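When the chains are written out, they are named A, B, C and D in that same order, and each has its own residue count from 1.
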Amino acid sequence: IMTVMITSAASTQVFVNRSLTLENIRCYGFDMDYTLALYKSPDYESLGFELIRDRMVSIGYPHELLRYTYDPSFATRGLVVDTKYGNLLKVDSNGNILVCSHGFRFLKGEDVHNYYPNKFIQRGDTERFYILNTLFNLSETYLYACLVDFFTRCTRYSNLINGFQHGDLLMSFRSMFQDVRDAMDFIHDTGILKERTIKNLEKYVIRDPKLPVLLRRIKEVAKVFLATNSDYMSYKFHISSSFQPGGAKPSWHSFFDLVVVDTRKPLFFAEGTVLRQVDTNTGKLRIGTYTGDLQHGTVYSGGSSDIVCDLLDVKGKDVLYVGDHIFGDILKSKKRQGWKTFLVVPELSKELHVWEEKKNLFEELKRLDVFLAELYTKSPPAGLQVLTYRMDMSYGQMGSLLRSGARQTLFASQLMRYADLYSSTCINLLHYPFNYLFMAPPVLMPHEATTDLTVTQNDVKTNKTE
Amino acid sequence: IMTVMITSAASTQVFVNRSLTLENIRCYGFDMDYTLALYKSPDYESLGFELIRDRMVSIGYPHELLRYTYDPSFATRGLVVDTKYGNLLKVDSNGNILVCSHGFRFLKGEDVHNYYPNKFIQRGDTERFYILNTLFNLSETYLYACLVDFFTRCTRYSNLINGFQHGDLLMSFRSMFQDVRDAMDFIHDTGILKERTIKNLEKYVIRDPKLPVLLRRIKEVAKVFLATNSDYMSYKFHISSSFQPGGAKPSWHSFFDLVVVDTRKPLFFAEGTVLRQVDTNTGKLRIGTYTGDLQHGTVYSGGSSDIVCDLLDVKGKDVLYVGDHIFGDILKSKKRQGWKTFLVVPELSKELHVWEEKKNLFEELKRLDVFLAELYTKSPPAGLQVLTYRMDMSYGQMGSLLRSGARQTLFASQLMRYADLYSSTCINLLHYPFNYLFMAPPVLMPHEATTDLTVTQNDVKTNKTE
Amino acid sequence: IMTVMITSAASTQVFVNRSLTLENIRCYGFDMDYTLALYKSPDYESLGFELIRDRMVSIGYPHELLRYTYDPSFATRGLVVDTKYGNLLKVDSNGNILVCSHGFRFLKGEDVHNYYPNKFIQRGDTERFYILNTLFNLSETYLYACLVDFFTRCTRYSNLINGFQHGDLLMSFRSMFQDVRDAMDFIHDTGILKERTIKNLEKYVIRDPKLPVLLRRIKEVAKVFLATNSDYMSYKFHISSSFQPGGAKPSWHSFFDLVVVDTRKPLFFAEGTVLRQVDTNTGKLRIGTYTGDLQHGTVYSGGSSDIVCDLLDVKGKDVLYVGDHIFGDILKSKKRQGWKTFLVVPELSKELHVWEEKKNLFEELKRLDVFLAELYTKSPPAGLQVLTYRMDMSYGQMGSLLRSGARQTLFASQLMRYADLYSSTCINLLHYPFNYLFMAPPVLMPHEATTDLTVTQNDVKTNKTE
Amino acid sequence: IMTVMITSAASTQVFVNRSLTLENIRCYGFDMDYTLALYKSPDYESLGFELIRDRMVSIGYPHELLRYTYDPSFATRGLVVDTKYGNLLKVDSNGNILVCSHGFRFLKGEDVHNYYPNKFIQRGDTERFYILNTLFNLSETYLYACLVDFFTRCTRYSNLINGFQHGDLLMSFRSMFQDVRDAMDFIHDTGILKERTIKNLEKYVIRDPKLPVLLRRIKEVAKVFLATNSDYMSYKFHISSSFQPGGAKPSWHSFFDLVVVDTRKPLFFAEGTVLRQVDTNTGKLRIGTYTGDLQHGTVYSGGSSDIVCDLLDVKGKDVLYVGDHIFGDILKSKKRQGWKTFLVVPELSKELHVWEEKKNLFEELKRLDVFLAELYTKSPPAGLQVLTYRMDMSYGQMGSLLRSGARQTLFASQLMRYADLYSSTCINLLHYPFNYLFMAPPVLMPHEATTDLTVTQNDVKTNKTE
């Protein structure tokens, strides 16, 4: 019982990478998708998967693909697709490969070495490597693995280094990935995904009654805006479905001093686009640019972070921006505008749960590490690998979003660099008063952390090096 | 006594950011300056300071400058010069300003705010901001502070936002910084600095008898190369003076399988330049490119990291490169080539010493933090600031190279991201056998670190937010 | 009668900037729009204008705009929109301003000077300046002038430097241009333009029976491909409507060895995209990439100029590419691939006609020039300006596509630099045998051209400078 | 007799690409080298050649090189070095190859084809292709040809595609070119070239008594500045030696309102550097930046074109800048600043002389062209090639600086695009009054030029194509 309670407690917490005094925040900004508009996992990912899978078959991919169903235990966010070789990679902040799968087959050391002799990728090569940064990408990631799995096994196709061949037809890993991306765009652009979501709102959308409470409380102490890349109609649908569990229609525009749709983040954090007003009756853009004082409840389209700060009369350091996209929302708002940032990581509930349950494995890993450091054998023994594997498998087949054994993922390192705060949901802000001082836990550098054990460790070493 | 012993032990240690098995390293590379060629601090910085100060006066700067002498307690490495406003800045990895000085005056919050409304700089603006990354830069940093100090006080000059005015003459912060940089180039290019160093080798150069021992041992188990941006004559001078404390002339070429001068790092880690052979009798370049097998003791000029790997028949992941320059040596070799990296941080001896002695301040800071987190008062109380200040002052006027109170500097964050290993000197490698397994201490993310105290903390919060 | 005959003869000619031997061309490539698919001018531009004008009103622009109708005498291709000030500019190859209009008002010297003190723009600033390079752009250009005209006159709006203000609403020149561009995309993307064209094919589309004759003849001596940015459906519609004036359906696929749609020129001439096969029954893309031998009549999507050369087994210098887009078709194919180029300039018929009729004005201009050169008065006299104006007005309000008085436009200079051949239509190739040697007229440089008159001219000068 | 007179007259003329009214020019700017400071050709190039040749031998190149002497008939300016294959290329504005030599061997069609299958280079690849734009480059160009000639013939070396091999030594074309460049820098930086020039001023430097006359006259009507990339000492030397044919020392500072040295063109035309004052007694830079009114005769270092316009209170369009460097002086000042430009082309005297003498060959070429256009034979007959060759050889082995037969070089096309005026020397401005109106000869486009002969030509064609 206790464990559950602790976990639940942890899952309502906000975590701190850099200290931040809430009282100094004069303005709160929110992204929409996966921040204010929340989806039920894995049902929503499963819906997305089925729609793009069916789309693939309808454009000519083999019917056998219809047999695949979404498996939430396979993919995590932040995986990198190598469109040249069709692999899914989990990498650390320097591009070192932590996990590599080809379809559903996880590659061993030698196989990885054949593809990547340095066990390392230059992820700056964005023509080749594509990072699956959003939760929307999970369905795509899984479908891509299904495709590679199917063609690898299918006897009609022969396996080449850059794809699969059947007669005169080459299914290159590159073109297959392009098809998956296009299918994803298709289900968004045609509105199929939205339509299916509306048909079964209860199944796909989370309606948390605490969300209006949070926004109302924030509004008492600070300005609030919403800035989303979605268009006005998506905004209207999501906000209305998220906020109204039934009953009378509240005026949800009232929560925000400013709503900006079509923001084109990350461009929004740089030069941006022209700011237009949205006619909230028709959903169409008004012509021209509104230049008067901020009118409450006005919805805008386009613009830039500079314009938003001007309209709300705040400076970059006064803003806390809450979003789920590490690159578009967090990294860019921090790097270019110096905003304070809050990253929403829905997976964190599960990560915390597993961590609580399996922390003992990590402790064991640490003990083994110390032991190994003293033994300095050539390579990590089977024991270490078994422990890492057991720990990783507790999270899912790709392991944790944030680590692989004792090593952190690219996603984890970016989370720590760019997000001042993070939590599984922005609603957790409710548990803190608006004058709260979030204190970052002190991070010790290796030389600071290890000074305590210096004597013994050094003694051991000195003996051994003689 | 115990404290001293511990400190001394720590200062001979190699610290680990990412685990690394020495046994897998097939090739060791070394930078020269501040890696193999070591200088006595602060005498050497002091010499550099005096030479550039005198140079400034000789090109027309006021004679009053001659009164300034080098103060090693002022500057640390990694400071950023704002050439627009003449300030020295200590920043964190996101560009947030930790410390700001104008001349020798340390600016308070409001003054900083006047210059930088967001307390934040976009350090990507390399036209404006210049990062003083090497130990050679310390003399410049201090001289620049002297200049700003002098003109600020001097009644002949009036203070402007971008410099100082005297009649028709504008001394812009930008031109003054350019003059300091030119003076530094002058004492290097004319050989004055080298000449003065030679005259008093004992005073300026560290000759560690363990250095040849280290290189000889490495050579038994792996290939060794040296890659320096210096020219052949500087290489010859430094290596001979560092390696020969007197007595017979050993054949120091024999330590290296390959010596490369004029490397033009960081270009060396990208496309590089034409590889030439150096005639070690005359110091001149041979014409053409040597294409035969590697000849022991050959000295080359130019080339690239790819060529070096080819000549030595190793892959990037087999190389451990040891250097002192976080950008030119470490970041680039890691990002572009996937090399393993070892950063030499001579300041670490002092940092460790202070840390050992003042750790109690840090503990107090941590306790105060927890206390504050529960009190969530508007802003950090005087007590916190006093503690941070006291801790910083233990290191020097600009505080530690690596932190300011509980916050880490840009230098510290780059060290942790890009250096696999670090130590105060590469000689510390001697204390480890060549099959040693360096284990990185596990880094816990905030949500992992805080799960233990969740219950109580959350209780407190829940009560408070009612 | 004689004049007409001459003009008609000239209008069937192919003109030569760089000599080219047709016999060496092993492969002919064609763009589709305005190259093989021809539209009746000004009916088609008029249709486009009405559709985007109506669209503007439907998104909220004032109904008064409906009063404007398309005036083909106003705009020429190659005009530059200054989105900052709302001006239309005609410039020469160095960015010097030749003509400047604000709405329909043509600005005089001083007014131009107020906007552009140097009478010169840096057209590299593509954020601000937009070049209207295609014939499709004519409708937009005219509508933009209508907008500026309307708001300038409308008493409800006050004129600002960057737009028009009405109460709290700013109609910036920038946002108005964006709206025009979006309206143009709207009528293309929704298919409205195509639908209206189909309803009245006779009115809008030119069906030249000589086109199939030309393609059939070319096919006898060389390979032929079509490469268009349009999608397959547009290709199908245009080709079938252009080629079949009624009667039995010929197999127009048979004219081409290769048809490539969705080419994304100018990207097509660089790295390009994945090459896909189009299912000509459904119009959908086939999955995978066809790797077998070239099959006659196959239609592809995507790809790159390199792939096309590979499939057709030709080199860049063997290809003559015929298109109407100076940047996307001609400049890029020449600069990146070294293709021979043939620019289709439909306006040339009219330009030639005017030239023939008004050449005497040009002769007069030249005589006046020589006279002026000897008088060297301070500035060109009214006579010169009147002549230039009269000559320009013979072409239209913006003057010729290619010149303004004696000065050439940016379009003319690019035509001369990048197009090897040009003509009013590609059908004119029919008048030359396929082993024809196109000889470029020798271009004399000023010092070569003027050597004849040196003696007298110099005599005059020498006298005057005494 | 008559011919000579005509030529001499032409050689004192200023030629016009774009009309320009001298009366509107409020400010004249001059580059120094090859503009105000003139050298005697070929003696000066010969001196440069010998110095770099000797330098090459002193760094290890074979002594046999000393046998080579400078041949002024070989190279022209504007040649492109292909550092990959060691070829010298003469190209047109689209990168088409006009002439190609390997050492002193001129390659025929098939040999060119082997190196460049498309007979075309992408000159944007500046890593590989180096354009020899200045007259200083002539010595280098010739020496590079000597090197390739020597090693090609030398039996000790075998010929590879990328250089020459001798035992383990590879002399790559790339490294040889780097050595030539370095040798050139060496003779400039060490002052050897200047020293040797001073020793024999009469032999190497042109002292034209008309230069002070020109500058004095200009000063009466406009402002005058000098902007050179040379340092102050070079400026002092050149100006004094050019201006004083003996006798009393005139105050040559007095010719200029502003002298700027160390300009770092083309950077000078963009952001530039800090502007410093030069102490004309010591030649050293003063510290700080002078901010008062312009003082006559002051010499500055650095700065930018914007600063110069501010100091002289003129706008870009008021400036006529006179220089010899097509890229650094002319293209950049025109493109970025909209300055009027005057290109000094010392070779023009000879070009004009040859043109006058051999114009009949060109006429013959034209007649042959018309004839050929009617015959449309497969490829130009031997007659055409012989004529082109004879015409080219009249200029030198590489032909004219400006054309190859009827085709223009890259240099010629840039001259026409970017220089408003050009002449063999700026002194020719003396022959025009300062209110002169330079009229550009009207350039007819092919379709304008050919309308006269339309009827007959078209008749011929129509017959033939039946």
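To be clear about the criterion, a residue touches a chain if its C-beta (ideal position, glycine included) is under 8 Å from a C-beta of that chain, and two chains touch if they have at least 3 such contacts.
Not measured: the values here are computed from a predicted model.
K.L.:
When you check each chain against chain A and chain C, which touch both of them?
P.N.:
none
K.L.:
Which chain's mean C-alpha position is the greatest distance from chain C's?
P.N.:
It is B.
K.L.:
Counting in whole Å, what is the centre-to-centre distance of chain B and chain C, each centre being its mean C-alpha position?
P.N.:
58
K.L.:
What whole-number Å value describes the gap between the mean CA coordinates of chain A and chain B?
P.N.:
35
K.L.:
Quick one: chain B and chain D, Cα centre-to-centre, how many Å?
P.N.:
46
K.L.:
Tell me, which pairs of chains are in touch?
P.N.:
Going through each pair of chains, those in contact are A-B, A-C, B-D, C-D.
K.L.:
Mind listing the chain C positions that touch chain D in their complex?
P.N.:
5-6, 9-10, 12-13, 15-19, 21-24, 93-96, 117-120, 122, 315-317, 334-336, 338, 348, 351-352, 355-356, 359, 362, 365-366, 369-370, 372-373, 375-380, 402, 406-408, 412-413, 415-418, 422, 430-433, 435-443, 445-451, 454-455, 457-458, 461-462, 464-465
K.L.:
Enumerate the contact residues on chain C facing chain A in the complex.
P.N.:
Chain C residues touching chain A: 59-61, 127, 165-172, 174-176, 178-179, 271, 274, 276, 279, 284-292.
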